[in-house]
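Chain IDs A, B, C and D follow the sequence of writing; residue 1 opens each chain.
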Amino acid sequence: MTTTRSRPGPEQPSEEPRIPDPIALDAMATAAPRQEFFGFDIVPPPDRPPQTEREMEVYTLGDGEMLVNMGPQHPSTHGVMRLVLKVRGEVVIDIDPVLGYLHRGIEKLCEEATYTTVLTYVDPMDYMSAMHNEHAPAIAFEKLYGIKAPPRAEYIRALVVELNRVFSHGLMMGFLALDIGGLTPILYGFINRDEVVEMLAAISGQRMLFNFFRVGGVNFDTNDEFMSRLGRWRANVLDTIEMNEKILTENEIFRARTRGMGTLSGKQAIDLGVSGPNLRASGVPFDVRKAHPYCIYDQLEFDVITQPEGDTYARYMQRVAELKQSIHLIDQIVDKMPHGPVQAQVPGIIRPRPGRAYAAIESPRGLYSVYAISDGGPNPYRFRMRDPSFISLQSMPKLLPGHLIADTMAIMASLDPIMGGVDK
Amino acid sequence: MGHLRRPRTGAALLGRRRALSAPAAAGPLVRLLSDRLADAASDLWTDEDTVEIQVPRDKIVDSLRTLRDDADFGFFFLADAAAVDYGVGNWFEVVYHLYSDRHPTWLRVRVKVDRENPVTPTITSLWEGAMFHEREMYDMMGIVFEGNRDLRRIYMSPDYRSFPQRKDFLLPDDAADSAAAGNRPLERPETWDLSKLEDAAAHRDEPGGPV
Amino acid sequence: MAITTPPKTDEPIVIPDAAGDDPLLSEFGMEAHPQGGFHGLLEVIPTRADYILDLIRANSLWPLLSGLSCCAIEMMSTATPVNDMDRFGMFPFRASPRQADVLIVAGTLTTKMAGPLVRLWAQMPEPKWCVAMGTCTTSGGRFKRSYSVVQGVDRVMPVDVYVPGCPPRPEGLIYGMMKLQELVKQRRGQWATYADRGPELRSWEGDVR
Amino acid sequence: MDPAVVETLLGIVRFVAATTLLLLLTVPTAFIVGQMELKVLAQMQLRYGPNRVGPWGMFQSAVHGFKMLAKEDLTPDRADVPTFTLAPWMVFMAAAMSMLVIPFAPGLVAFDSEISVIYFFAIIGLSVVGMLVAGWASYNKYSLLGGLRSAAQMVSYEIPLTLSIVGVVVLTGSLSFTQIVEWQLDHGWAIVWQLIGFPIFFIAAAAEINRTPFDMVEADSEIVAGPFTEYSGMRFGFFYFAEYVALFIMCAILVTLFFGGWLAPWPLPAQLDGFAGTVYGLFWFFLKTYFFVVVAIWVRATLPRVRVDQLMGMAWKGLLPLALVNLFVTAAVVLIFNL
């Protein structure tokens, strides 16, 4: 598809492809003699030889099949992801997720940053759960440096992390509804989210990318504004969730659209590396908070919730259940919170001894882990993040075939990928 | 090119002595490892919640299969697969983190990969979920996974020519230096010489090869 | 009420017109303004059809539903009940660039995304405006040194309003959009100059790596 | 001159004047319905909605409309230009022309035909041609998918829609909307007699004009904007207008068929005479119509979208048998009680 401009720009003398992008390759390919079908050309495969078997498989079109390109700008690809759907009519046959439209090289930048500033670089990764993004590196660096955060700091960490999980899951309900066509739940979800982020802004100073964690503690102690906002929010949070649940959970259309869609068995999910709520919705009780308790989760009472079905509706219900569980956890944390300092004595520039550390946490999207290697210098020698939504996305080619184009978006929204984390 | 610095090689890491100070919790796993994987696992090392072994490249698939399928190990979940570059003249390392509900520790499996000829077998036959991990390692480090059906670049464009997370791929120093670089990709010519990767290309049948 | 754009020179330019001498206009208390146009009682009546058009455009800015990364969440938050952008006529986020007026570039622009984003911009019909939201889009922000980040969206497309912040608060975006409304009313937006600039100055279209 | 010729000429003049008036009426109608959609939707989502342009933001939808008039009009390179240009016009005219037969008040109808029901369903179904053509001519896969969805959806829902009306037609024994309303003057509103027919008509009408939850044609989370994806400027504006006008018309027909058209509700006098009667009728007619417009917006704020196959399944497996049963029962009642 080319666009009509009033005056075309000058041809740039170019010795190499200007836009190194498959879309550009598609555009170049349209100049080639095209196959026609009803006046529509079938999008030819990229005009470079397919590099792999799998690429050959996806881009070779059979009789009556066509490729539909969704993204990188599409209203419901949750950011800038590109899905190449091979469809016959409206039925999806195969799918090739193309990632990297938001690849910002965070790992590389972190290797050049000091241990303290790494925590600012990881914030925008999974931007719906910035607190979790900081949590895992903080734990890993504390392991490397050999210190422990004071108890009150650990409780504050758990508190803000669970608050973050509440609004992340709450927005997931809204995004799922939006992709199915419901306009309102996302707006109700944002009411809850705005209350929580303002609360977290009161304690951290930033509204979205909080930069709240420090190696050996947290940046600030709780303050009056935070606690009063927390109390007000806690008083009516169940009502705001109830509003959304009334619209969605028992809605016949919503259930018809989500039940039995994109079913993932537990074995398949483990095989594909799916983790977090998506895995638990398939019946596998794997929660890092229970499996390898970090922070203070061994002192809190909670059960690992699972759903047996493994379909889109189960993933939705899993989120709703975990959201309520998080509120329950927040109550416990506030009750048990001890007094004391919130930060250990740590120098400005940390130089841990050479070593390796692995820290995994349960983010709203699953197992989020950090593998950090120190060579004794002021910045990590290698800093590796495993983002759950990146790995969850590779279940798409397993989930989608056989469903309709309309279900593509519902199933993807139920996996709840966040492109900032997927592309790093 | 004044802003280019000497690439880091991780020299400080290489001479490090590994102490075996197994916490009590890791005991059964350590015994199991030295019992059933004695021929493959070496360099056993533990810290408070991780047990670490090193496995030679040709035994990695079998070792991981044992770890996954043996009921006593039960490492059914591949938590992470990452690559580490130890600098020019040294080696790459592929690191797998595994989770088991039988043991209270993570298991870290390290595989040394030749830096001149970075080829290692794929583990997508064990966990299909390793696919994106391996594609990412290929994209960022240039490690070729033999037998992987879909080894394409995943983040960078298909015609990108260097591997950004290698230690000899240098970022510009700071903002002052990069004005001229503008929106050009920050590939450095010295990283473009990938003739040493040609051997790696020979391992793959696809046209174009890994470069 | 801005009738014309004030010229940038210091000395006032007297635009010759007959308003001062017009007995009819004088009767209504109108007199010629040194910088052109009239001012006085009749000023409440817009004297140019263009101005009505600009008012209409300024009050109906449909953003393109296109978020790149973190800022997209705050952009959506701007449209939600707490900070209701719909009050200013900016709500129906259009999914198709053909029906959008404003491209809010919300989030880090990477080299891989630059091509598609410029295509989106080219697909939008004139008149169109671009708002760079967040530090990443204005300069690359915290990822400026990265190997895959475009250091400011203005390297690939014209920008009318920059909204700083990482990410900006929703109020910040609304303020930026209101600044854009002012630009639109005064015809100082990019699209006005864009049409006059001629093809040789539009090299940004191909200058994407 | 022959009086017959004069009468014919007068008829033509009257017809032309009425159609022109109605065509002009579509513009404020679209603005009012659009404004209601903006405001009511906002209120239901706990927002303020537009409140800057004019008092209480009253002119917001008009501003949106005039803005589209002044936008650049793009035609994609490889679009089929004649059909691409004609499609919005076809959709809009289908909506505007079906307005002809709506009886707004006693005697206030542009084209009082004996077969206005048939005329109405013939014309309103034409918009599917426009949608399909728009989808085909845009040279865009999303558009094509949207156009084909539109065709499948409208063809399926024409049948239950029409069948649900046959009940009213059998009951009233007339194919003229005016006579249907007059029948309701004597027998009470038809909703009392058509308890099954009304919900079928309401659902099928929502599907016919692509309202939520049946808006798969313009499903912006799936196929960006369906057949309208490539349309910009006033060509898109025509679709936008047509959508709102169609919503108004469907609600008007609903009111005419089931809720007594211009008749006032029970305790009040149903109908007055003379000029006051016209105003009285107009008042009740618009009140009832816009009430159902609000209901449609309410549905939009609440429900998610159904899928294509579920939509078809509902039409063929649910609504069609129900409509047939309704027709059968109505016919039996009419025969037995000799209404």
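Following the convention adopted for this analysis, a contact is a pair of C-beta atoms (placed from the backbone, for glycine too) under 8 Å apart; a residue touches a chain by one contact, two chains touch by 3 or more.
Everything quoted here is computed from the prediction, not taken from an experiment.
Trainee: In contact with chain B and with chain D at once: which chains are those? Just list them.
Mentor: Chains in contact with chain B as well as chain D: A, C.
Trainee: Hey, which chain ends up farthest from chain D, C-alpha centres compared?
Mentor: B
Trainee: Using the stated contact rule, I'd like to know whether B-C or A-C comes out ahead in C-beta pair count.
Mentor: A-C
Trainee: If you average the CA atoms of chain B and of chain C, how far apart do the two points sit, in angstrom?
Mentor: Once rounded, the distance between the two centres reads 48 Å.
Trainee: From the C-alpha centre of chain A to that of chain C, how far is it in Å?
Mentor: A distance of 32 Å separates the two centres.
Trainee: Just the number, please: Cα centre separation of chain C and chain D in whole Å.
Mentor: 37
Trainee: From the mean C-alpha coordinate of chain A to that of chain B, what's the distance rounded to whole Å?
Mentor: The mean C-alpha positions of chain A and chain B differ by 23 Å.
Trainee: Listing for chain A: what residues touch at least two other chains?
Mentor: 3, 20-21, 74-75, 100, 103, 105, 108-109, 112, 187-188, 191, 423
Trainee: Would you mind listing the residues of chain B that make contact with two or more other chains?
Mentor: Each of 155-157, 164, 169, 171 in chain B touches at least two other chains.
Trainee: Could you check chain C for residues that touch two or more other chains and list them?
Mentor: Expected reply: 65, 80-81, 95, 111-112, 114, 123, 126, 145-148, 207-209.
Trainee: Could you list each pair of chains that touch one another?
Mentor: A-B, A-C, A-D, B-C, C-D
Trainee: Within their complex, state which residues of chain D touch chain A.
Mentor: 41, 44-47, 74-78, 80, 136, 139-142, 144-145, 149, 212-213, 215-216, 219-224, 300-310
Trainee: Using the touch rule from the top, collect the residues of chain C that touch chain B in their complex.
Mentor: 111-112, 114, 144-148, 150-151, 155-156, 207-209
Trainee: Spell out the residues on chain D that touch chain C in their complex, using ranges where they run on.
Mentor: Chain D reaches chain C through residues 38, 42, 45-53, 57, 60, 63-64, 66-67, 70-74, 220-221, 224-225, 228-233, 236.
Trainee: Quick check on the complex: what are the chain A residues that touch chain C?
Mentor: 3, 5-12, 14, 18-21, 23-24, 72-75, 79-80, 100-106, 108-109, 112, 120-121, 124, 127-128, 186-188, 190-191, 193-194, 207-209, 419-420, 423
Trainee: Using the touch definition up top, name the residues of chain B that touch chain A in the complex.
Mentor: Where chain B meets chain A, its residues are 8, 10-13, 16, 47-50, 52, 76-80, 82, 84-85, 95, 97, 99, 101, 104, 106, 108, 127-133, 136, 140, 148-160, 164-165, 169, 171, 206-208.
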